[in-house]
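Okay, got some structures for you below.
Look for chain A in each of the two complexes below; its partner is chain B in the first and chain C in the second.
Presenting the complex of A and B:
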């Protein structure tokens, strides 16, 4: 804490956000919007939070771009570490600008693998009023976990079933959760299809789900609405 | 009787909402085959304490530069030994999701209720209703006001014999929520609620089991707003348990966890309750988390109430000082209702809490780490303890944490005297 005058202890929010971005071909029409909005994310979230009278003591962003292990395992996952904003804004910008919408093969994508990686992120454990938010942007259903477990570069740490992933997400008095119950949130911009709507949005706790139309990108969502939703979930 | 009501931001009511204490229900009001009926009591009978119509300016805010989103209201009736006030503020002008606090007292039956309602913005952020002025209102905004209306009607019927128990309040809330404006949202998920709001209330009744008057208290609540009882000897004691997985008040300050139960229109909810008797005189308090959720240690809320009481010359001034104080530290909408019973006027009330405030100042103000906030002691004036240690800005968070732990340890036992067990721990 460099400035004791500004210290507000437990009254500020330490926010970690993992953006899981579907970078397959069908996202092409909307990916530029998602990317440009992601680049403004820090300022806009700060602005919305300030309007709500809530201060952020620390903001870290991590991006996981995903495609399909069944199509091309070498490009299925690209990700950053947690980047502290605004200090590491340049690293964040370079990564986001480099995401290209391509590939994907069949309709389902490897969104659950991305979600598993997000859940197991190295979340902030110090500071007070922590918020650990996963935001999923996709217009497709997901392959069942483990479907492509034998492929090259498939992360060994990923649970082999949705039930196992649910155990990691956790629930009331869960002993297996890897995320903090009071901090975690899951915001889905995903089609009204399994597994996003059912079981994840319906059964996992602390979820918000914007249903998009499968295969039609996420055009119907304004970034203002997305930012507002994330800020409201904190 | 004194009172003023400063409206810098007047909110239109949801459609179908009758004015408070309307003599006739609106013709279109839905009537259940069995259950609550709309507000029907006239101002003459029963004698309920309601906010006055006349607005007056707040105390010494200086020249009006911009509208201050706040309202205060108070009433003092020395004959009844009753003093009541409420404070309502909003963080963003025109966007406040707390409803006006509800305070009512029925003289003939010696019973009353105070309640606060905090519309839950995270769960009910979507617009559900457009007011006649074109302003769009969120589900949280509407939910809090509908719950207030339901509580108002419920209390009218309690006066007429309806039992003041969680089950009846639940039925009234459910009925009004079912008939309130709702809009299908494109957002779903388990965080999502229709018309979500907290409710913290205390129904009280004067009883004389053996000649001596006692208060029979029935705290009723859902969510993380709180009700308390405050006395000079025992301080502030919480009567409600937040509906969160965590129940330690300091940990709740540090983590601000999600609620596990709150009033809403689309899912089951529980109205929690307990029953106890309490000696007179005492002060009852209901508050939303804008008051107690942005302090550094749980004792700070009581310190704020008593410091403003000590500085005030009248009940009106106390309300206004509370309003200004909470606006100086909160990051949320904040509403509060206070009812003091059995004191011989405001001066008596203030005098009785002087020693308690001095004790709190010794324990929680003079020990405060330097640099924490504006309440920190001036260097050189601090007493013994952590505040007297050499100051190292980098070590401030750790010192604050130690101070929070030790002050909470000292405060906790008294504060939790009437903390009810968790729902799942009750038979």
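Presenting the complex of A and C:
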């Protein structure tokens, strides 16, 4: 049924998802799995929602592939705008297929910069109810924010400390949050190391941390967790 | 939280999951040879005691205090010594470790009841009465469950019992009638939500918080009653995203004409658009005085309105998954004392059973069982989606 045929008074749900993907060389064994899962994401979410008798009115995905500003600033961040699915599925697929695991040098990587960009994404503010999800896939710890702030192409908008980023993530009644408290979720598939396990998973609201080990990819279970997180909250 | 961690003395024995959990992740745990369920809240986070004073810390500390107070308020209102309170499933622990809040309850394993609609009418009646009694426990103290749906109903059948009984679980999002959370924050399910709940979320000017009452739960209970009796939710035109959307648009839901006249009238009233037109839970219970009310019957052609060709069955949501413990849930409740074992529900007559703030049970029985239990618990799994024979 087309949207035009739908009763206009129906409750409208908007789902925005930002996938932050570590594209450094160490992710090589698992990146194909991450990419494959990302490409299946829309269909699987639709399927789960339909089984629950639910539907999403608008789904947008954005991808941020990150490496390391300390290794090669020119390839440290590659990202899309929010892409509306299914209408822009081809653009999404083209970008995802183009991500290659390379570079990064030694750990840590620039995961916090990617997270900061994700938090400051242009999230949907309309429709009746929204879900804004950031998913982080990485096998490495992260540089402290601002470590490479002087390098070429380092985004000026990125907070200079993790405390500042925390305030942007926010909490109920926060005056500094840039995301909607009731809409947001942060799902971490990251090692049990700082800053992912502590302080982020420990002290940030609405954060789910599934500790990963280097060499382990996005498995069925992990994709299910993301989809469940979205579907159960609508 | 991850498998192997020890939190508050509880050793986490399974991989934590968000399955069915909303704003929590959960796992099974062990302590002192006993099996438990442990739930980690995703919000709020309590600032560490040694956190430097700042405006941010003060706000977050206040949020944490309010979170604790809200749970205590529900606990105080839902007292285990109230009539029927002997069936309350009580949390055995509630604490914060570091910045995170946790709840613990005994581990309760379950299996799936695939097709409640195939139960005999008397069995259906007992199931519905126990569900209604559970809800009445809340409504009697003016608390709205706020997220009533099959996933939040735990069905129990003792090994030596004849009947299934139902327990209502997960009160994390409950609120005092007329005093709901803000529209952006209020919980609820898009399938089982009441018309006024949806309009409230849409900030419809005609709906204020005072209109979010226990009637919200009655609407959901009406849908669930239809689901349990027939295997499907009431039908509605495909243009509408949910039963509530259809009702808000002035449409009647298509109820299954195999239902008894008494049940059709009851469900019609329970799914009315105006909250005040819906019966109270006591009326629901009173209507379930005779098993015949819960029977399905074959009507002669012409004795009821035929199914609309445009109508399409609404999928039965929230069915249990036929998979391992990872996809299953057990819910905790929040209270200060353990559940008295001596007060386990008796099958006949049905006894009210209310579990405060208790996640849904596993869909399948985990392999490792704890000490021999006299009871088993099942969650309803409506696997049969075949079109029904008639609707009004």
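Please note the rule applied: the second predicted complex is superposed on the first by the 202 of 234 C-alpha atoms of A that agree within 3 Å, B and C clash if a C-alpha of one lies under 4 Å from a C-alpha of the other, contacts with A are read in each partner's own complex, and residues count from 1 in each chain.
We take it that contacts are C-beta pairs under 8 Å (C-beta built on N, C-alpha and C of every residue); 3 or more make two chains touch, one makes a residue touch a chain.
On a predicted model such as this, the values are computed, not experimentally measured, just so you know.
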- Query: Touch check for A:154: first (chain B), second (chain C), both, or neither?
  - Reply: neither
- Message: Quick check for you: in the superposed arrangement, does A:206 touch first (chain B), second (chain C), both or neither?
- Response: both
- Query: Taking the superposition as given, does A:188 touch the first partner, chain B, the second, chain C, both, or neither?
  - Reply: first
- For A:167, is the partner it touches chain B (first), chain C (second), both, or none of the two (neither)? second
- Query: Can A:50 be said to touch chain B (first), chain C (second), both, or neither?
  - Reply: second
- Note on the structure: Intersected contact list for chain A, partners chain B and chain C 1, 5, 7, 9-11, 51-55, 128-129, 172-173, 181-183, 185, 202-208, 210-211, 228-229, 232-234
- Task: Would you tell me which residues of chain B are touching chain A in their complex?
- Result: 91-92, 121-122, 125, 186-192, 244-246, 253-258, 260, 294, 296, 330-332, 371-373, 393-394, 396-397, 400, 404
- In the complex, chain A residues that touch chain B: 1-5, 7-11, 51-55, 128-130, 172-173, 181-183, 185-186, 188, 197, 201-211, 228-229, 232-234
- Item | Contact set on chain C toward chain A in their complex | 2, 15-23, 25, 42-45, 48, 56, 59-60, 63, 98-100, 184-185, 190-191, 193, 198, 201-202, 233, 237-242, 244-246, 248-249, 314-319, 326-327
- Over in the complex, which chain A residues touch chain C? Could you list them? 1, 5-7, 9-11, 13, 50-55, 128-129, 167, 171-174, 176, 180-183, 185, 192, 202-208, 210-211, 221, 224-225, 228-229, 232-234
